[in-house]
Every structure is written in C-alpha cells, then in structure tokens.
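Presented below are the structures under discussion, each in the form of structure tokens.
Two complexes are shown next, each including chain A; its partner changes from chain B in the first to chain C in the second.
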Partner chain A sequence: MEKQYKTIGEEAWKNNTEKINAELFIFTYGSLVVQLVKDYEDYTAVNKQLDKMGYNIGVRLVDDMMARTSLERCSGFSATAEVIAKIGFKLFLNVVPTVTNWSADAKEFSLILDDNPLNDFCELPPKAVTDGLWYSNVLCGVIRGALEMMQMQTEVVYVRDVLRGDDVSEIRVKLVRMLDEEVPASDD
Partner chain B sequence: MKLRCIAILNRQDTPVYMRSFDDNEGGGDDVKYQHLAHTSCDVIEERMQKSPSDMYLGLLQTVGELAVYGYVLNTGGVRIIMVISVPESIVRAAAIKEVFQQVHAAYIALVCNPFNEFDDASGGGGRLVSGKFEAIISELGRVHSN
Partner chain C sequence: MSSTYYFAIVGTNDSPLYETELGVQRDESKYLNQFIVHAALDLVDDAQFMSNACYLKTVDKYNDWNVSAYVTPSNVRLLLLHEVKADDAIKLFFTDCHELYLKTLLNPFYEPNSPIQSQAFDAKVNTLAKRHLL
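Presenting the complex of A and B:
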C-alpha cells in the first residue's frame, strides 16, 4: 500500500500539477509572515492567524487533491498519515516528510520534515525564537483543515523547527475524534 | 592572501557592514578601515564610469601594507570593499573575484530573508544583522588568513 501511495504522489506531481516559481512563493509567504508580525506584534497571535489561514487553505485543498489523484477512502488513520505525507505534501510542496513516532493508541503521529521549502533564505530574529514563533505554522492549519473535510477532528502542532535551532522540523498530528460515525455507502 | 577587512557600503557610500579580521585590538583598527573605505569611494566612482558593466573593479589603492579591492553589485550600486595585506607573491585577480562572489552570494541570501530590515528607501542604510551572513564572512576570513 505504501509503495502505491508513493507512486500515486509522484505521478500526480509529474503530470497533473501546474508549477510556479519557487522563489515567488517563498517571498510571498515570507512577506505574509513579516506583515503579520508587524500587525500583531505578538508571536502567539501570529501563530494562531497562520493556523487559521492554513485551515481555510486546507478545507479547499483537499478537494483539489482528491480530484487529481482519485484516491479511495483510507483504511485507517495510518493510511491517512501516509497519504498526507506521500501525496499531499508531495503534490503541493514537492517534499515527502517521514511518518514516525506513532503513539501507543495509534491516534497520534509525527511528520518529520528534513527540508521545508518555505524556510529557504529565512532567518528568524532572536526575539521570534524566544517568543515562540512557528514560521511555517500555516502547514499545521492546512493539515487540520484538510482532515476536517475528511471527517476527522485533529489537533496539529509544530513541535520542532530548524529555524529555531532544532535539527529537524517536526509536526505532531493527533486525532481527537471521527466526525462521521457511519461509513457512507459511496463517496459523493 | 591575508584577508584583513570586508566592508559593504550602500549607494550613498555609507557603510552598512564592516568586518575586520585582525585578532589584535578591535576598536582602533575599525577606524582605519572605515577611513580606507571612505577614501576608496572616489576611485570606485571613477572605475564604475570607465567600465559600467563590470562588477569587479580591481585594485583601488594601496596604503602601506594594505591593498584595497572593490566590487560593485549590479543592483542598487551597493559596493563591497576588501582589504588584504600586501602579499609577497602575486595575487591572482581570479582569487579575489572568487571571494567577492562568495560575499555577493551571502549578501543575496541575507537580502532574501523576509525578516531583514531594509532602510534603503530612507537613504539611511540600516545595518545588516544576520547570523548566517556573519558565519559565512568569518569562514572566508578563516580560509584566507595565511
């Protein structure tokens, strides 16, 4: 199953994806974060706003992804994790994070990002580091929004970030509950 | 080639970055390099007019045992000045150019940082502060210290 996801992701990236210049995207995101920092002047508030923005992106993004990859319903949460890493991230950022650190009840996992394209060129000022800014927090919101559209309520947070001096970036995804108790006969 | 100082000045000839590699007294020497940078400005203008499309300006002046080289970025007239101790053997222009290009590349990475404050519009020239940039310049100083 895992090999399949990997191939689906790569195929979709190669064939069904329009690409734009990476620098344009990185600079746009960078100015966005800097503007938020200037407007709110409180890094916790900026994190929250990034998460909210990500959420709005995620609820729309997931339909786009499903349309391009014609995936079936996931067999379980671990399959969901694989889809997020190998297809979702691949399709939109062209990186594949590693899925690890599963909790004992299989309701929580970590995504380890070795290489986050949003971070290119970025260097956090020391105050941002001490006050807890998660630069790519929008990604957490995207995952949360996308999973909510797939009937899963989750909590998604950043736990480590290379911009803050850690060796890797790590996002923790926790399934709170399923929003849809009965399995529908078919996906409409 | 012994690197003594790297300075970056903006179009108005105000220094936005100065880094000296002498490990003896810090404060006194900086003034010497600032003075050198200042006096090199006229030569820079002159060279720029002579060959407007060339970024590397060559040897600008020698003062005592120090040789000053210049390099102009094609964006916004920002200049990089490099001071080295006059070497016993001939220094190839290619070697100097290479150091300049590395500084240029580091400068570009610095400028692309979204958290970098840019005061160019006010003409004041904010100071460049960046850990990564300092690390690269330190490395250059370390490599070219013989």
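Presenting the complex of A and C:
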C-alpha cells in the first residue's frame, strides 16, 4: 500500500497539477506573514490567524486532492498519515515529509519536513523567535481542516522549526476523535 | 603593509545599513572611517553616471585611504576603505557582497533601507573578506 501511495502522489504531481513559479508563491506567503505580524503585533495571535487561514484552505483543498487522485477510503489512521505525507504534501508543495514518532495508541504521529519550501530566503527576527512565531503555521491549519472534512477531529501543532534553530521542522498530528455524520436539524 | 579594511553599505537615503571593520585594526582613526565614506558619497554619485558598470573602482583618496565603490541597480552603495590597491579582488568581494545583500532583501521580514542586524550576514561578510581581501 505504501509503494502505491508514493506512485499515486508522483503521478498526480506530474500529470494533474498546474504549476506556478515557486518564488512568487514563497514571496506572497512571506509578505502575508509579515503583514499579519504588523497588523496584530502579537505573535501568538499571528499563529492563531495563520492556523485559521490554513483551516479554511484545508477544508477546500481536500476535495481538490480527492478529485485529482481518486483515492479510496483509508483503512486506518496510519494510512491517513501516509496519504497526507506522500500525496497531499507532494501534490501541493512537492515535498514528502517522513511520518514518524507514532504514539503508543497510534493516535498521534509526527511529520518531519527536511526542507520546507515556504522557508526559503526567510530569516526570523530575534523577537519572533523568542515570542514563539511558527512561520509556516498555515500548514497545521491545512491539515486540521482537511482531516475535519474527512470526519476526523484533530489537533495539529508545530513542535520544531528550522527557522527557530532546530535541525528539522516537525508537525505533530493528534487524533482527538472520529466525527459521526450528524443529521442536520430537521424542519419540524 | 597592514591589511585593514572598512566596509560599509549605504542605503538610498545615505544612511549606513551595515558597517564593519575587517582585518587588523588600528586604534587611531576608527571614527574617521565614517566621515571619509560619507564624504566620498558625492563622488560616487558623480562617478556612477560615467560608467555602465556596477563596480566603480577607486573614486576617492584621503591621505593613505582609497575609497572604492560598487553601486547596485537599486542605488544602494557598497563602499570599501582600503590602503592597498587590489582591483580584481575587491571587485569579486563586492560582487559576492551584492549577492548577500540580495538574499537579505528576499527575506520578507527585512525592510528595505533598514539596518542589517543579522549575525548570519555579519559572519558571511567576514568569510568573504577572508577569502578575497585578507
């Protein structure tokens, strides 16, 4: 199954994706973060906003991904993790993070990103580092939004970031609960 | 023959964005460096329209010091105070510093024309100086 995910991801990247210039994307994201920093002046608030934005992106992005790759239901949470890493990230960022650090109850895992294209050229000012800015926090929101559309409520946070001096970037994904289909309120 | 250099990056509004002393230091005229560079800015402005190139070679002399200049397309001046003449090495140094400056510009958190305070930048300038000048 793993090999299959990898090939599905690469095929989809090669054939079904329109590409844009990476630098345009990186600079747009960079000026977005800087503008948020200027507007809010509080790095925790900026993190929250980036997460919210990512959430909105994620709920839409997941349908786009399913349309392009025609995947079937995942057999379990570990399969979900593989799909996120090998297909999701590959399709939209052309990087494949490694899935590691599974918790004992298999409800948490880590995505290790060796190189995050959003980080190119960026250097955080010292204050941003001490006050806890997660530059690519939008990715956490995207994962959370996408999984919520797939009926899983999750908590996704950044734990390590190369921009803060760590050697790799690490995102921790925790499954809180599976959401049951809710019957919409009736009109009676 | 001592190899001291004073390197400064001057922004478009004539305020220094970055300055550093490279090589062996002599105590006497540290404050003088800023004055010499500032005085040379007028000559740089004149010289930049004489030539199409970025590297303007030596534009000014003050007692023992020569001032060499490199003007980027966005009118940011890279200036070097030196005693020994070494046109080719200085040109390479300036070109590499220009690339470093470009990378700094690409950082979304950097405001153009603001002082460059990154220590990584400082370390890299020192490495370049060791490679080309010292």
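Methods note: the second predicted complex is superposed on the first by the 180 of 188 C-alpha atoms of A that agree within 3 Å, B and C clash if a C-alpha of one lies under 4 Å from a C-alpha of the other, contacts with A are read in each partner's own complex, and residues count from 1 in each chain.
In this section, contacts are C-beta pairs under 8 Å (C-beta built on N, C-alpha and C of every residue); 3 or more make two chains touch, one makes a residue touch a chain.
Just so you know, these numbers come straight off a predicted model, no measurement behind them.
In the superposition on chain A, A:125 makes contact with both chain B and chain C.
Applying the stated contact rule after C-alpha superposition, one finds that A:33 touches each of chain B and chain C.
More residues of chain A lie in contact with B than with the other chain of the pair chain B and chain C. Applying the stated contact rule after C-alpha superposition, one finds that A:143 touches neither chain B nor chain C.
Common to the chain B-facing and chain C-facing surfaces of chain A are residues 27, 30-31, 33-34, 37, 121-125, 128. Chain C contributes residues 103, 106-110, 118, 120 to its touches with chain A in the complex. Interface residues of chain A, counted against chain C in their complex, comprise 27, 30-31, 33-34, 37, 121-125, 128. Here chain B touches chain A in the complex through residues 109, 112-116, 130-132, going by the rule given at the top.
Per the touch definition, chain A reaches chain B in the complex via residues 23, 26-27, 29-31, 33-34, 37, 120-125, 128.
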